Structures are given as structure tokens and as C-alpha cells.
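Read from first to last, the chains carry the letters A, B, C and D; within each, the first residue is number 1.
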Amino acid sequence: MQAIGIDIGGTKIAGGVVDENGVILAEERVPTDASDPQGIVDEVVAMIERLRAGHDVVAAGVAAPGFIDAQQSLVYYTPNISWRNEPLRRHLTERLDLAITIDNDANAAGWAEFRFGAGRDVSDMTVLTIGTGVGGAIVSQGRLFRGGFGAGAELGHLRVVPDGLPCGCGAHGCIEQYGSGRALLRMANEIADVGGIGLALAAARTRDGKLTGHTVGRLIAEHDPGALSALRQLGFWLGQACASLSAVLDPQIFVFGGGVAEAGELLLAPIREAYLTHLPARGYHPEPDFVIAQLVNDAGVVGAADLARVHATAR
Amino acid sequence: MQAIGIDIGGTKIAGGVVDENGVILAEERVPTDASDPQGIVDEVVAMIERLRAGHDVVAAGVAAPGFIDAQQSLVYYTPNISWRNEPLRRHLTERLDLAITIDNDANAAGWAEFRFGAGRDVSDMTVLTIGTGVGGAIVSQGRLFRGGFGAGAELGHLRVVPDGLPCGCGAHGCIEQYGSGRALLRMANEIADVGGIGLALAAARTRDGKLTGHTVGRLIAEHDPGALSALRQLGFWLGQACASLSAVLDPQIFVFGGGVAEAGELLLAPIREAYLTHLPARGYHPEPDFVIAQLVNDAGVVGAADLARVHATAR
Amino acid sequence: MQAIGIDIGGTKIAGGVVDENGVILAEERVPTDASDPQGIVDEVVAMIERLRAGHDVVAAGVAAPGFIDAQQSLVYYTPNISWRNEPLRRHLTERLDLAITIDNDANAAGWAEFRFGAGRDVSDMTVLTIGTGVGGAIVSQGRLFRGGFGAGAELGHLRVVPDGLPCGCGAHGCIEQYGSGRALLRMANEIADVGGIGLALAAARTRDGKLTGHTVGRLIAEHDPGALSALRQLGFWLGQACASLSAVLDPQIFVFGGGVAEAGELLLAPIREAYLTHLPARGYHPEPDFVIAQLVNDAGVVGAADLARVHATAR
Amino acid sequence: MQAIGIDIGGTKIAGGVVDENGVILAEERVPTDASDPQGIVDEVVAMIERLRAGHDVVAAGVAAPGFIDAQQSLVYYTPNISWRNEPLRRHLTERLDLAITIDNDANAAGWAEFRFGAGRDVSDMTVLTIGTGVGGAIVSQGRLFRGGFGAGAELGHLRVVPDGLPCGCGAHGCIEQYGSGRALLRMANEIADVGGIGLALAAARTRDGKLTGHTVGRLIAEHDPGALSALRQLGFWLGQACASLSAVLDPQIFVFGGGVAEAGELLLAPIREAYLTHLPARGYHPEPDFVIAQLVNDAGVVGAADLARVHATAR
């Protein structure tokens, strides 16, 4: 049984026809004009029409950034597109004779990881996506955890420091400011500033006065001590956040995705270390696994399609 | 359809026959000898035998403190009774011809509140029980959230201060050390130490050198400025914790139970205030209600019975 | 070539004849009366006379607690015996026709470990003896490091916390207050006070109101979470001290002796973890080994004898 | 007997022929191109060839920044030149028919001070060089202390504050961040910020918006209260570090070199005061002297030459 998944991003819309095993049978992508919300709806409709032409699909799932309501019909708010309380499901259903579901993009990608990636052997999984920011997804007892208003699993906004660094969400001290790719750059710059083991970092930024994520990633891959020190700081904060998340969510596995997670074991080692140091009831609380995500591309498309298929067939 | 609920506490075992509406039809309680784990099993068996004698029950649920596994069969650990990996369900099933389930006591009480109390009109609820410590329970999409290992919803061990006060769980900075009845006493003592608005608190402890929870509760009821100041500090910490919990769990309602919650609106007001100040994405994130628990006594008995009934009839 | 070693302790004097391989050929011990310093000198003379009777010894070495001068002749000060600037070597030489050397007892024991124990394959070793307090010994380029006044290697008095806990030495924040057996008891008591994972610790002290080192050691051996948590705290502090000691002393190996070191890998793991986290120039600084001492009994006797033999034959 | 000393710095290479009394008989210096490691080796070879032409030298010693192995043959790492595990001794020996030794530059300069400067009458000396950073050297029983891996005596990285200021070495709270010239500037700026006694400091920086080391040095020489207050803060931290170093190294003398030490007694007075306040076992521990280094220029050249001579003649 096939379903369509659509992933609306800040710069492009990706879509695909996905089968029950998470395999993408057909795919396309077009650039997004974030300033034209109506145009995005038109493009999603057109893409679904094109994709369903050659396939027998039972439903289409749309993944979008921001807050989606728990009924998977309304987009409260997206950070890039000027949708506010947009009844996206109704607008799509009116123009397409097809079952439609809407989901948050991090939730959709986490669901794909649960169904077809690192989480496929467990029932309870917590995903932290370490990109520019920190995204999250929760699966509990085999079900995607969306929260009472559809705004749950925003794990990047768990607070780790009272009165800490200001966050883009308006609060202070969120783990996003201590555990994201942007935080890694800040830590790397601080190490470069004081020289010493940060000399390679300092040298790397002399070209244009600042470090890029790409450069820091390369220095991590070369095991540069300054870059590794920044990565370890990041890992320690993430491990501390996971200790709190274990007390609340108690997953069997923590999965780390996003660009920074390409560091693999170099990132996981300090996470595990800090987790164990800060785990409440250590010695009594069963200990989860810490792994890197397996799905790299198109997790949003695959997850959105699978959630739509599950929803359609559960009726 | 009736079920039996048993609530094993540190000083007593309470049991009752409960109907589908959460009404207790028969009830008894006996003192516990925590140093005799086998005796406790014997007493639970005897109590279930006596209670089922006059009623047609479909199942029995047992609530116990500590960690229960996700299959509701094993007690990993209880803080007071020397059970370690105790196969309690098997031991009871062997001696009773009856479907048995085991649950954590805070989860059972939270479930009762969800079914028959403050949470009966929502699908997603978070409970914080403010007694000597801080207990927690989570209901998501109408289901009790137990975690992947059965050790989830230990909300008292969400960290609010890095390297903060040492906690009985072995970690530091848990909300239990800032938001519990024990924390309220500490804050009240600190205010008493410096005099001023703490004069009534200081006077209250001169009798025997220290403050009791009862005395602080009485002074709160009398609106003593020092006692209210301590309560506000407690509420601010709890509200901050709720802001983090909203990012993760996104409940429609936060319910506060336990002895300290008898302060009612005096406790809820600072909680709401601190919650809004610290809520990530305030203005975009839908805002939950904050209420006091409605079930006071026997929530553990009622919840354990209802969970057993649901489990038995779902088969 | 044989030599005599004498180890003067707070409660007994031990002596032995030791061969070039560190084997004790004859041994005796008598109780000490710490309040009779002249009697101790008489007893040391008598013991050396008895031990040399049946053996062909070239020298005798005496190990004593406290500060010994760099010429190994004078006891500045011992914490238990009322010697102040006692010319012990002259007093013994006048009564015995034998080459005599005097050394600090921790230095003597560390030397034995270097020659015949965990340090026998390296040139540079740092020993931390974790007993009631924290003792130290340093070997550099195959030579015992005594310091310019003979008062070096007092590693228990490296400061780890500015304005920290008061220490028996009159200073504050010494590692002895964070890394000793006495510190372990304090940490265990703190964990017992807050209950939770400290319940076994709390139960163990109910008999007479306080914990003993023996009880905590037993609970560590049983992997009790509260006792392990205290041991980990101890290890974290010791690892941080070792990071500073590496910057100064740069040993190839850190050796941990004393009663607390019987915990073995349970102690070494957090030490290594904290060491790496705090090591200056991590990634560039070669990393030492962390091991448990191999000599358990009579290290002071063996080391004192060997130091005397080395000194006598180097002439 | 004469030897050649070469001191490789970040901006120049200095070399000289040195006699047994530490007198420089011939000298030259050339600029360094730190980005051309091979060119530096070529220049060192050429300089040694030129210097030995007119003199009968027995050996040449090379001082370089960074970590040198304990066999004085390999440069693990230098902060400025891109040498990693560079077999410098072999490369030089292959091209020069001369005994060559390699040493860390701070160690070489400290050795010169021990042989021909402030340390010439003692056996155990600790040097702290207060320049932009904090360098160190240790002499024990008349021998240079290099550590088991050649990376010892990095005294600037003794930790004085847990979780303190970040350091260029990747760790936190090192004395280098509290006792260096850079730290003096930070403290002077902080005093300038709050005005009052810092008015002269504030005025001095209005010219171009920041203070220079030169300006602060001039104000210290003029006994400006704000500048002296910053210097006293620096001295207090250094004295506290010396108290810990006495417990470990127990030198007979502490020698202070580097540009900041030109303040002389104004720096030594707060060092002595803080040392005595924090000395473990004060009253029992013999007290060392605190003095300013006597060799100002070319200590690296003199020390490198002398170490090479000692090494060559000891064979």
C-alpha cells in the first residue's frame, strides 16, 4: 500500500511516493517561495497530483515546520512561511480527493527513523536532531507523541540553565543554545579566541574572520584537539539534557540526527559520559542506548507518507 | 464491571472494590511491615481474597512505590520495601485466580485523576504531586505514559539547576529539591532565619526549634507574609519546571496534588506567572490550564483498580 | 645484599630484613606508645639489633610520618609523636654501628611500589594513597622526589577548591578533604541524609547513628547505588587533581593505594573520566596509566630498607 | 668547554656560543618564518655551522616552545610552528657532526637561571615566568625536572579555580588565566570600568579604547592605586598557586621571570602574603624565598647551551 509524503522546507518542497517498507518509488522537489503562502499550497496540490498519477496511493501526508494541531489539520504557526492558524488539511482536501494528514517535520522525520531506521527494534525512542538548532521527536509505545495541543516534543527548548543564554524562542537557557550546531560554532570560536589548542580553529577563521560549520566539521574529522574540545562541551550538555529526558520520557534508545551527528562516536562518547554522571537513580534506572540516526535524506518525506498511510488504514 | 485496587504504601496497605465510575464499594486498610517483603505479599493476597468474596471483580491492580517494568509485572526497586526485581505479578497470579496488573503508585493516582477528577475532560494531562517529594504522572492521548522501561514520568527528577542541591536520587538540582514540601520547609526556615517578614515563622519554631509542614501550612492559610513568600518561591520553581515540561509533553492541563496543593490558588498563581515568563515560544504555544487535584483520598486504590479493569477488558 | 627497614606508625613499629628483590626475610612488630618519644627510639634500636643478629645487613632505613629533612637525618615534625627537630639519625647512629637513613613513610611505601610493584616498568610515577587522609609519593627519572626541604610530595594538600573545606593542615580546599576515606564517609552520609538511592547507607548507620568505612566499603563491594555514587564523587575529585598533577609532574603512571583503592576499577573509572575532561592540552599531552597499587602490607618496611640499601651502596 | 645554544621563538631564532660560566662569546639572531618548518631546520643548521666555525664547541642545545619528549630528541608539538612528532634531533644530527639536545624553551631558560642566576645557591628551585602567559621550570636536587613524557613543569596549567575561566589549553581555571600578563590586563580593565581608583587606567585607555601592557606597566611604576590593585590581585593568585606548588614540589626558592616580574617587590609582596595565608602546615613547613629572576636576555640561549654541555660531558 503506497502513500505520498510531502516535506515543506524553508527553501524547497520535496515529495515522493513511498511504499510500506519506506522505499521511495518516485520523487521530485521544487524550490519554495516562502513569501507566497498561497503559492506553496498550489505547488503542494500540483505535486501530489503529479505523484499520484502513476501510483495507487491511499493517502498523502504533509510535513511542515512549526506547530501543527493535535488533529493534524491546522498549521498554528511556521517560523518561515506566513501561515497563522492555516486550515491546511481542509484546503488540500477540498482540492484533492484524498485522505490528508499534516505533521510537524521533525516528528515526521523521527517517525521514519522509528519505522525504518535506528528505532525499528524498540517501542520507545527519543530523537534529538542536532542541526543549526535542536529538533526533537518522541515515540512512545509505538505511537508518535504529539502532545495535547500538537506542540510537544520541542526538545530543543528543554531548559538546562536557569537565566542562561537567550534563545530564539524568547526563553533563556534552552538546550538549543548549548547543544546545537550554532552552539558548537560559538564554543569553537571561544576556544579559538584563547589560542593554544584552538590555534587550528583560529587559523581556519583568519580567511574571512569567522568559522563555518563546514570548517569545524573538517577539523573534528581530523581530530584537531580544539575542535574536539568544542564537540565534547556540546556532548556534555546534550548528555545532561538526556538525563532529564530519561526521568520524564524513559526511552529505550536516544537517536541523534542532523549534520553534527556525523561526528558519530566522537559525539556519542561525551553524551554517554555526562548522561551517566547526571542520571537520576543511576544504578536503578535501566540505561538506554545512544546511537546515530540511520536515515540521512528524505526522512521527512518517508515519515510523512508513513504517518498518512497508518492514519488512513487505521480508520 | 468491578475491579479491586490495592495501594501499598510505606506504612499501610489500602485496598478497595471500585466500580466503572470510580466509586469505592468496599474498602479496608492494614499497617505495613516494610521490613517483611514476604509478609506484604501474603497480606495483599489475603486482602484481595477478602475483598473479592462479596463482589464480582474482573481484575485486581496493585500500586506500589518505585520502578515497575513496562509489562506491569516486575518491581525493579522500591525505596522502602526490600524488593529488587521482584516478580510480583507472577507471585500473585500463582496464588489468585485473577488477572493482576502492577503499577507505580503515582501513575495509578494520576490515572484516577484523569478518569474521575480534574483531567476527565482532556486527553493530555501532566500531574505533579507536591508531598514530601515531587511525584509525577503523564497521560497522553488518553493513555497512561509509562516509558520504555516503565520508569518514565519521574517528574520530580527533571533538573532545574545545574550542579544544584543534592537529591535523594543521587543527581543534583532536581525540581524535587526546589518544589517539594521539604523544599518549602527549607525556604520557610531561611526566611525565618533573617527575621523581618519571617517573624511569625521564627516564632512558630521557637517552641521546639524547628518548623513543621503543619505549622507552615497553617501560616499559609493565615496569609502570613513570610509563609506566603516561601510558597511563592516554591511556585516560581514549579512554574519554571512546567515551562520545560510544556516543551516536551505539551499537556492541555497541569494538575497539582499532594499536601502542599491544599494551598490552592495561592500556589497556582506564582506557578502560572513563572510558567508564562519562561514558556518557550510564548504567544505561539497554546497555553494549558493549571488546576488543583480533585481526588484527595484513595486515588491510588481507584486508579490501580481502573487500570486493571481497562487492561482486563482490552484483552 | 640485605638491609633493614623500620616503619614507625601511630600504633605500632614494624621492622624487617629485606633483600635486593624486596623479599622480607625476617620480620617483627611491637606496639607503639606515641606519648613516649624516647621509648620509641629505644625500641627502634632494640629491634634493629635483634633483626641484624641473624643477617648480614649493610644499612637500616627508618620510615616515620611527618616531615623529614632533605638530608634524611632530622625529623622536623610528626603529627602523632612529640618529636620536633629530632636528630633521629644521629641518635640511632650513636647507638648502632650501621648506616642509617630516615624517610617519610609515604615516600618509603611509594618507593617500594616503584621498585617492586605497579611502578617497576616506568621511570616517572605519582602515588596517591587514599586512606583516612591522602598521602603522596613521587618518583622522577628513577629517583625519589623529596623536595628542597624534604617536605615535598605532600599531594594531599594540593588545593582543589579556593576557600573550600577546612583541612587539618590549616589551609582550605585541599584534595584531602575531597578525595580521602574521610571525604568518602562525608559524601556517603550526605547521600544517606537525602534518602532515595542512599537508603542502604541510611539503614547501615541506624545501628549506632553513623557510617563506618568498613560498612561503606562493603556496600561498594555489593554495588549499592548510593555507595557507588559517593565513590564516583571521590573519583571525580581525584581525577581533577591528577589533571593538575600531570601539568606539573607529568608521570607515566598514577598509582592509587590505601584502603579505598581496594574498590579497584570502580574507583579508577571516574578518576580516568574526570582526568581526561580536565587535562590541559588534551590531545597533545601524552596520557598516563591509572592503576591500583600492588603492594598491600609492609610497603613502608620494604621501601625504607631499599632506600637505605641504595643510599649505602651509592657511597 | 664551550657549547652552542639556539632559542627558536615565534618571531626569531637566537643563537650563541656559551662558555662554562654562562658567558656568551658570540651571538646572532635571524627572523623566523613560522609557516616554513623546513626552513627553520635549515636556518638552525646554518646558524650552528656559522657559530661553531670560530669556536671549539662540544655540543649544541636547541630550545623550542611546546612539548619535547623526555629523551630530548622529538618535538611532539609546538604551538606556533607546524611540527608534529618532528624528529628534530635526528634531522640535525644527520646534517651536523655534533652532539645535539632539544629542550623546552621555558625549561632551558629556567636552567640558565638555576646555574647562573637567582637559583645558583640552591638545589631545588621553581620558576614561574609571567609573560603573556605563565611558563614554568623546575629544578630538583640539581637536575632539570622534565617529567615522564617530557611534558612536565607546565606550571601555568595548575588549576586554581574549578570550572573557572577557559584557558587556551582547553581546560578551565588554570593559573595562566589569573596570574599572567593577559590576566593583569583583564583585571586592570575591570578596575578601569568601575572608575574610582581606576581613573588613571580609564584615562590611559581612552586614547585608543584599550589598555596595553606597556601602559599598565608604566602606571605600576608610577604607583597608581588602580594599577597596583590589579597587580596585587595577580600576586594573590600567584601566591595561592605557590602554596599548592610547595606541597607538591617544596622548592627552596620561587623565582619570578617575564615582563610582569619587572614590577619587583610590588609583585613579590602580595605573592608572599597570599602564600603564607594558604600554605598547608604553615609553621611546620620550611618557608622558601621569593625572588625576581636575574637573567633577562638570552636565558634560553644560555640554558640550551649549558644543558647540551652537561649532557655531552656526562656521557
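Just so it is clear, a contact is a pair of C-beta atoms (placed from the backbone, for glycine too) under 8 Å apart; a residue touches a chain by one contact, two chains touch by 3 or more.
Since we're looking at a predicted model, the values are computed, not measured.
Asker: If we define chain centres by averaging CA atoms, which chain lands farthest from chain D? Would you check?
Answerer: Looking at centroid distances, B is the chain farthest away.
Asker: For chain A versus chain D, what separation do you get between their C-alpha means, in angstrom?
Answerer: Going by mean C-alpha positions, chain A sits 50 Å from chain D.
Asker: What whole-number Å value describes the gap between the mean CA coordinates of chain C and chain D?
Answerer: Each chain's C-alpha centroid was found; their separation is 33 Å.
Asker: As a quick test, compute the distance in whole Å between the mean CA positions of chain B and chain D.
Answerer: 62
Asker: Which residues of chain B are in contact with two or more other chains?
Answerer: Counting only residues that touch two or more other chains, chain B contributes 167, 169-170.
Asker: Looking only at which chains touch which, which shape fits best: line, ring, star, complete or other?
Answerer: Shape of the chain contacts: other, as it matches none of the listed patterns.
Asker: Judged by the touch rule stated earlier, which pairs of chains are there in contact?
Answerer: Taking the chains two at a time, the touching pairs are A-B, A-C, A-D, B-C, C-D.
Asker: Mind pulling up the chain C residues that touch chain D in the complex?
Answerer: Those residues of chain C that touch chain D are 67, 70, 76-77, 122-125, 136, 138, 140-141, 143, 145-162, 167, 169-172, 174, 240, 243-253, 278-286, 288.
Asker: Of all residues in chain D, which touch chain A in the complex?
Answerer: Against chain A, the touching part of chain D is residues 79-80, 166-170.
Asker: In the complex formed with chain B, which residues of chain C make contact?
Answerer: My answer: residues 190-191, 194-199, 225-226, 229.
Asker: Can you tell me which positions in chain C touch chain A when the two form their complex?
Answerer: The touching residues are 196-197, 223-225, 228-229, 232, 273, 277, 281-284.
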